[in-house]
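Look at the two complexes coming up: subunit A is in both, with subunit B in one and subunit C in the other.
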Partner chain A sequence: MLEVNGIENGIVIDHMHAGNGLKVFNKLFADTENPVVLLMNVKSGVLGQKDIIKIENTFEVNLDLLGLIDPNITVNVIQNGKLVDKKKVEIPKVIKGGIACSNPRCITHTDDYAIPEFKLVGVNGRLKYECSYCEEITTYKL
Partner chain B sequence: MLEVNGIENGIVIDHMHAGNGLKVFNKLFADTENPVVLLMNVKSGVLGQKDIIKIENTFEVNLDLLGLIDPNITVNVIQNGKLVDKKKVEIPKVIKGGIACSNPRCITHTDDYAIPEFKLVGVNGRLKYECSYCEEITTYKL
Partner chain C sequence: MRHLIEPEDLTLEEISDLVDIGLDMYENPRVYNKACDGKILASLFFEPSTRTKFSFDSAMMRLGGNVIGFADANTSSAQKGESLADTIRVMGYYSDIIVMRHPKEGAPKLASQYSSVPIINGGDGGHQHPTQTLTDLITIKKYKGHIDGHSVAFCGDLKYGRTVHSLIKTLARFGNKKFYLISPEELKLPSSLKRQLIEKYDVELIEVNYMEDVIDVVDIFYMTRIQKERFFNEEDYLKLKNSYKLTKDKLKNAKEDMIVMHPLPRVNEIAYDVDTDKRAVYFEQTELGVYVRMALITKLLEVGPYVRG
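The block that comes next holds the complex of A and B.
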């Protein structure tokens, strides 16, 4: 069986639905220089199969982005081999950056300084976010 | 320390330069339903840092694509917990598919049945492959 031993210092991102681990990895950790492990499709009592990421020497993570990708995620913070904090994520009500406005003429696509803030305006199978610049609605599939 | 225990049946893709593991993972294993682990930036005596992929219940892997991404790769085949085969990869002299022709007007971009075969015509910092359809040279950075 594929198993990964614990980490001494870092975070464990757990309870991702199978497939979401790679999305999180590509979005948040593709450029890290710290040791990191992605486990995909491992057995889980609750989810059937799940993904897990363990990253060493990293304690900051964008919880809004995690909540956008998979609101079931839990984040365990490990220090000196001990669990010191456990965070739940949730669907972000407001998210700055992280997604692209679906309006191709929105200024945020051409102006590097215009980081759009998206406000959650609907949850109905898909999340609906309104752009702070152009007010276009961008949908995001859960 | 991050460590992953051995697998019973499957393959271990080892000795990837740090960063290449994610490329291999996205190209070859993004859609797998088998348990799989990507380790990135783990300590290595020879390479300093390296990436490793272990995938269960999978024995076939495109060695040409691996050789294209990182010719240092070794592939270990594990059956019933024992190493039964060890494969080295190399820069492919001919590769079918896997890369896209750099000529935007090449028929391979619009005809689903035209899978280009690329012939290695030069190795000089970058690999140079000639498309079997349009003879355009596509370069690929090692």
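The block that comes next holds the complex of A and C.
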């Protein structure tokens, strides 16, 4: 059985469906210089198999993006080796930044001032978000 | 401070009011010819336009105000890479109100977030063109007496035509319940808009292939241009282009008090011999657009008929 030590200070992103760990890593932590552990296909009572990410010295994480990738995720905040907070992510109703508008003619692609803000308008296997600038719908597959 | 980015920024009462004041301005222009004395309209056209730009310029001048601006982004600092937000901030010091057209969808909304003066959307890509909708509504009010209760046919490019999308939604808001849609398969009204119209406003949408099928029953016939570049091949275009051409002959079965509208420019979708028919009101529509824009400018500047207190 593979063993990985706990972290002293940082966050543990838990309960990701197997396969989502790499997506989360690539989207959120690919550029980090802090120590990161990505555990894949770990046995889980609820999910069967799950992925886990442990990252040292990082406390901020975009919960909206995590919610988009996998609304099942929980984020444990560890300080001095102890669990001090537990956050459950959910499908975000509003997203500011992070994802791009699917409309190539949208102002958000060409003007740095225009930070795309999306409102959740439909959930049916695919999440549908409406851009606050051009009103075009961007779909996001869970 | 108010902006006009999309028709939904105005309540139905406000739209009705703008239309009525616009008609009064049309009937009695002298009453209003000093309403914007000392005010400056910045007309920022990042994309070419003939009617909308000159219509706004004319509207401001008829109100006694002045106009500054550009008609081509190449003559502005945008060409040097200036952000829209910065251009708008600066223009706010030089003017009291801004009308803008921009090729990027959502640009006027961005501008409104950084502007110290009211912003009017003069068209943003294929997205919104609210003052065209006001122009259409003032025309309907003038020639039909009221905005609600009409059966309306839309003909031509119903897929990409922002004018049609905006107008059909606003007419539905006003309680118009029956719309006839005449277009080639490739250019049908988007299904998302159809669903929205049916679910939200409970309207009846009837799709037909030929204008002759409905021309005798409608009160308003709204024509749009079919752009050649929308077709996948030249053969399809040639096959269809005359099916969507309104001629004097096709008008013979239309109601006596029906009106034919068109946002212009027209290419060949309305034969020139229709121009002299009393039901053809598309040039008057363009003229009325100046007056409803005058009403809008006074509303956003809170001057003339909209002066506070």
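Assume the second predicted complex is superposed on the first by the 142 of 142 C-alpha atoms of A that agree within 3 Å, B and C clash if a C-alpha of one lies under 4 Å from a C-alpha of the other, contacts with A are read in each partner's own complex, and residues count from 1 in each chain.
We adopt the following convention: a residue touches a chain if its C-beta (ideal position, glycine included) is under 8 Å from a C-beta of that chain, and two chains touch if they have at least 3 such contacts.
Computed from a prediction, not measured in an experiment: that's the story for all the values here.
K.L.:
Tell me the contact category for A:C106 with respect to subunit B and subunit C: first, second, both or neither.
P.N.:
After superposition on chain A, A:C106 lies in contact with subunit C alone.
K.L.:
Once the shared chain is lined up, is A:E33 touching subunit B (first), subunit C (second), both, or neither of them?
P.N.:
The first partner, subunit B, only.
K.L.:
Would you check which partner chain A:A114 touches, where first means subunit B only, second means subunit C only, and both and neither mean what they say?
P.N.:
In the superposition, A:A114 touches subunit C alone.
K.L.:
Can you tell me whether subunit B or subunit C touches more residues on subunit A?
P.N.:
B
K.L.:
Please work out whether A:E135 is in contact with subunit B alone, subunit C alone, both, or neither, and reply first, second, both or neither.
P.N.:
So A:E135 only meets subunit C here.
K.L.:
Same subunit A residues contacting subunit B and subunit C, which ones?
P.N.:
Shared contact residues on subunit A: none.
K.L.:
Could you list, by residue number, the parts of subunit B that touch subunit A in their complex?
P.N.:
1-5, 7-8, 18, 22, 25-26, 29-30, 32-43, 49, 54, 56
K.L.:
Would you tell me which residues of subunit C are touching subunit A in their complex?
P.N.:
83-85, 102-107, 109-110, 113-114, 124-127, 192
K.L.:
Okay, in this complex, where on subunit A does subunit C touch?
P.N.:
It is residues 103, 105-114, 131-137 of subunit A that touch subunit C.
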